[in-house]
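Here chain A shows up in two complexes: once beside chain B, once beside chain C.
Here is the complex of A and B:
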């Protein structure tokens, strides 16, 4: 009997994006230590951006292999299929724009740690959505979370930022612990950590009504819900979104959201699919609660970032409503909605970042008064983002709602469609309030003191994202076709195993 | 191809104008509006009753994954309304070009977008496309009221948006559900074409909740009592030219939606809710008229009279007879034109009464402005459905239709005809006759003021002389729109009770 453990075969090519991110993160950290501050200012973001773009290109280049049945790497620990690639791309693109938005942010100017942490976090996201095993799932979740705790608190001069970091750490740890407990119970009930084996164990029949199994599944869902900020596990969201630097908030709103929802559908529509009758009521309750709590919470918020935080809770509700439909239509709706949600949130946060540069008032609703007159293009982008988030035509948000409602009704949950619709109705009150303040109100006295130094990259991001929101709203065929293809291929490759 | 051009011309020209600059935007928009109108008239003249909706047809797949078509056509049902929309848009742009608003570039863009969405909703032959344009209508008007409105516009816009979108979003959910259920019943791939959906027979219970969602959207938009709560503030806050487009056309799209979507897609539900809808229409007539002759606000007289007139249109449609539906269609056109005229006249009256729109601050204006008085009188007579006016024909057909199906409603609705005379003549007399106690400006209508009014006045007279071309074109489509629902009710579209079994199409 040999004591040696046989190391698993590792397909380094397939692992490329993750390796690049790790290497880039370490390299970025080094760049932050050498040279003059002028050099660091250029080299650090540049190195981070290069890493992210490199990882993105590599990830997309795996498409043909992934769509031909999926790639399983490190003895079933990770799995790259079309769904992984799309969700991973959303995370990477979200990170790229978060770096761009933070270019002039104080917190990003120090050494390389801000960017390095962000790269590590993205790496965690890739591990998470590629995970094919409960252990990698937890590993990915922690890898993405721990850098985020630090990033939330990275605006060292702002008390709120430090508070946000601490709050996120505490609440996030509770979430992680819950998740771990749930995963442990799942392992106990099914006897395996591997997704395929878990699936087989459930299909064999005996586990479905096992309280160990149901409890584990519920705890795992709760753990992921913390990260996705689904109600009632959303309490950290408004404080953290508000306190964190806007670049980090953007990152959380786009990338973290995609990763958390991504693992939700991977897990539920993957190994746990046979137990759909057990988990769909849980998700339905979470969806309705999130829609209600998020929309009511957002009413009357005077801080734009807080408002967007509450609204993100509501948006998760719409996404979860589609998750309830574990069929192709539901997953397609989730993928499409996640992508368009990322685009429209990006537009909103770019505007917030630009309006609040060197001017704390700019994060507040009052700081937006008269923006339509002062800076019509910026206000226009924000208006498009708000209309899209509210789900009005001719924006991508409308098509997103349409796909969600279609999926939900088709899945036989017409009542959930009404929850979505009524939630959208409530949401109009606060989304349109932003538009009203920008266009229908005159600028307050102090607004002239607003900084005149402009950041063209922020305006450009806002404009491009807003234009994309309209473009997808008018010509949604291509992205929807892709979403459908991805869903189909991923489901196929799942069932073929 | 023509219909897509017709649809996009208003917003495209307004956008080009906005890019060219503030000096040119009015001219370019006007050009676009006149082009739209020319195109609409051209299409209407070349339209042949015998071919129905198969002319000027566009049907391309738009979003294949969701089964949504880019399907537009001109049929007998929307023909007159499309011309009306183009006409009103042209009149409004003309009025605005003569008197530029602040920040004209955004103003004209929003107005163009509004016109495009209205025309889109009228032309759409795909249920989701219809809902999309119907919802889109609200967005530009939200901006137009909020940014250029007067008075308490924050409250007005919020009320308007919440009311209308409550209905519209319910309709969105119901529209998606209609397509999904229809696909489940028929076993075909999902699509939302009206022509296909109308062939699928949904269970009555399903039809009922879908119908209620649709009806909610339409009744709010019209508005009908008791869903009219947003009207007062919104009307008060709207700039007058915007109000002309809003009141003249948008409410008609809602009434059109009843004929186009609610009746043919959910015939069993329409039959079972017939009484409810008739009562809502009747209450709108009586209550709207009562409000109109108790308010002193000239603008609200027009607004409340709209509620009453739309009430007539609702009972016409829900008489489930050809005559009623035809009368309703004719009345939509009539009321659209007359409202535009009245709204412009309210503006002229206010100009002469130191900017006040209160009837109490007017009086004796006919002395100094006989021509204005004549135009006003024509509009007033048309609105109160004086015999010989096209409105008379419309109301007569409606009442005939209702009488054939539910006589008691028709008898009560006749009260509304009398009440219309009271509030219109009261408004006319208070403004134009009597002693000039308030020191109004005695000034005849200038050419510049008259220009936007002339086409509408001419059209009122033309329709009065000859409503037949319109009636001829609407007979077939009106019958088709009500036929299924009438059968479900056990009556034939000519109002007679029928013993024929309800034909359920597979």
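Here is the complex of A and C:
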């Protein structure tokens, strides 16, 4: 070894989105400290939004280079290919809307901390999705999670929020520790933390039946399942979704899901693809359990946030069913369904946020009674979101589920498709109940006076997301083609390495 | 000495940590048990690093230490906030929310 240190090659341009988020997070924190409270109230969310949009634009501008073979940043620690860009964009867009939804939330008004933490969390998601090394995978996972623990506990006025934060911290950390132990065993089995080297070690033969390798892979999958809230590692989900401020819940439901499922396909359909026979049964079991537990858990929930939490467990089940396929069709289905799921959840949570502003009852199902008469546009958006989540035509949710089922059948797992269909049928019971309550039940006492000042931005988000849900449902060919292109290009760039 | 011994110790520490998280009631003790789980992984990483003769595992372990420190900081912060609000710091009594 020579005395001079060989510096790793760092592609600063490709690192742009992550650098912007770091700078923006620090700047946002700084804006929270200066000026009058009126200035802070405008400057802090504005700086957070500018940062997110800037990172999004920069990320998308890397498309041509990424699709031409992938960009490797910092000597193989991070890698940007079309899949990274699409999943990263879902996370960034989820964060943008989460900031918009929290504009009037108490927890976001205190200073720059709320927005700064959210930016750091998104940065963690980008690192996670782009990771090409076990070390960056773990680092991204923690950078995503630790700010989220604080964000969940950030509604200091609500007793439940702090409790949700602590619960999420404990359960999330158990997940992280499990993931880390799995990664340690994977390193032990293959002798490297680099994805490409791991892939080569698996292909060279001896490791594949190694108990170290299989154990490590199983533990890593369990660790990620905690974050994706797949059953049986979902117990924290309803509590945290209910206790956290609605903006943070939206962020968790859209961005965190995309990041967790993203790393799942990157890891499993990437370096661990040669071991597909070892991991696909594990994922299949997780998928079926999530579909069953999520759908049954959502039945009979009184709180809409809790119901959406259980339903998100079921939705992760559908996504995992597509992950089992592992081939091009499966990844395409995951990417498409993740995007669609983000849009429809956004519509649902925007309505919940607007209905429950200044009115705790508004999170409960009773609070939605008579919404159709009081605020038809809001109720209309919610109805579209519910129909889409249930997977009925002509919404995007229908096309999404169809793609998943198509992929699963094509991959030769027809019984999984059966589970998806049965799960969707059960889910009709609780999704349609919300619609029925909104349109056919009379408003409860106090509902008329409840929302003192209306928030036009929340109604606008709900309407836009609902319109998008229908638009994708009616004209699905363009987004489906894009998802296919992304998958194809990503797989190509990975096989050429 | 064979790698299996180091791994055995690491598995035992990890199991003690996991069992502690599941059975202990005090939030502070739960945080300690989480540390045990993370450090069990560190031990495994360093043992593997010796076995393979490269430094990947050692670097990983150092990064894990940094992350563990952050996690504990946030955990303690939340416990202090809960204590100040006069809520019980006993995890079983935090039952306003039910899974």
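Following the convention adopted for this analysis, the second predicted complex is superposed on the first by the 491 of 497 C-alpha atoms of A that agree within 3 Å, B and C clash if a C-alpha of one lies under 4 Å from a C-alpha of the other, contacts with A are read in each partner's own complex, and residues count from 1 in each chain.
The rule is simple: a residue touches a chain if its C-beta (ideal position, glycine included) is under 8 Å from a C-beta of that chain, and two chains touch if they have at least 3 such contacts.
Since we're looking at a predicted model, the values are computed, not measured.
Trainee: Contact-wise, after the overlay, does A:103 reach chain B, chain C, both or neither (first, second, both, neither)?
Mentor: In the superposed model, A:103 contacts neither chain B nor chain C.
Trainee: Which partner does A:235 contact after superposing on A: first (chain B), second (chain C), both, neither?
Mentor: A:235 contacts chain C only, not chain B.
Trainee: If we overlay the two complexes on their shared chain A, which of chain B and chain C does A:138 touch? Say first, second, both or neither.
Mentor: It touches chain C, and chain B stays clear.
Trainee: Going by the contact rule set out at the top, does A:180 touch chain B (first), chain C (second), both, or neither?
Mentor: Only chain C; A:180 stays clear of chain B.
Trainee: Tell me which partner A:150 touches in the superposition: chain B (first), chain C (second), both or neither.
Mentor: A:150: touches chain C, not chain B.
Trainee: Per the contact definition in the header, classify A:60: touching chain B only (first), chain C only (second), both, or neither.
Mentor: Neither partner.
Trainee: Which positions of chain B touch chain A when the two form their complex?
Mentor: Those residues of chain B that touch chain A are 62-66, 106, 128, 132-133, 135-136, 138-139, 142-143, 146-147, 153-154, 157-158, 161-162, 165-166, 169-170, 172-173, 176-177, 179-181, 190.
Trainee: Mind pulling up the chain C residues that touch chain A in the complex?
Mentor: Contacts found on chain C: 7, 14, 17-18, 21, 27, 30-31, 34, 37-38, 40-41, 44-45, 47-48, 51-52, 54, 56-57, 59-60, 63-64, 67, 70-71, 74-75, 77-79, 81-82, 85, 87, 91, 94, 96-99.
Trainee: Across the complex, what residues on chain A touch chain B?
Mentor: Residues in contact with chain B: 332, 372, 376, 387, 392-394, 398-399, 401-403, 405-406, 409-410, 414, 417-418, 420-422, 424-425, 428-429, 432, 435-436, 439-440, 476-477, 480-481, 483-484.
Trainee: State the interface residues of chain A toward chain C in the complex, per the touch definition above.
Mentor: Residues 134-135, 138-139, 142, 146, 149-150, 153, 156, 159-160, 162-167, 169-170, 173-174, 176-178, 180-181, 183-185, 187-188, 191-194, 235-236, 238-239, 242-243.
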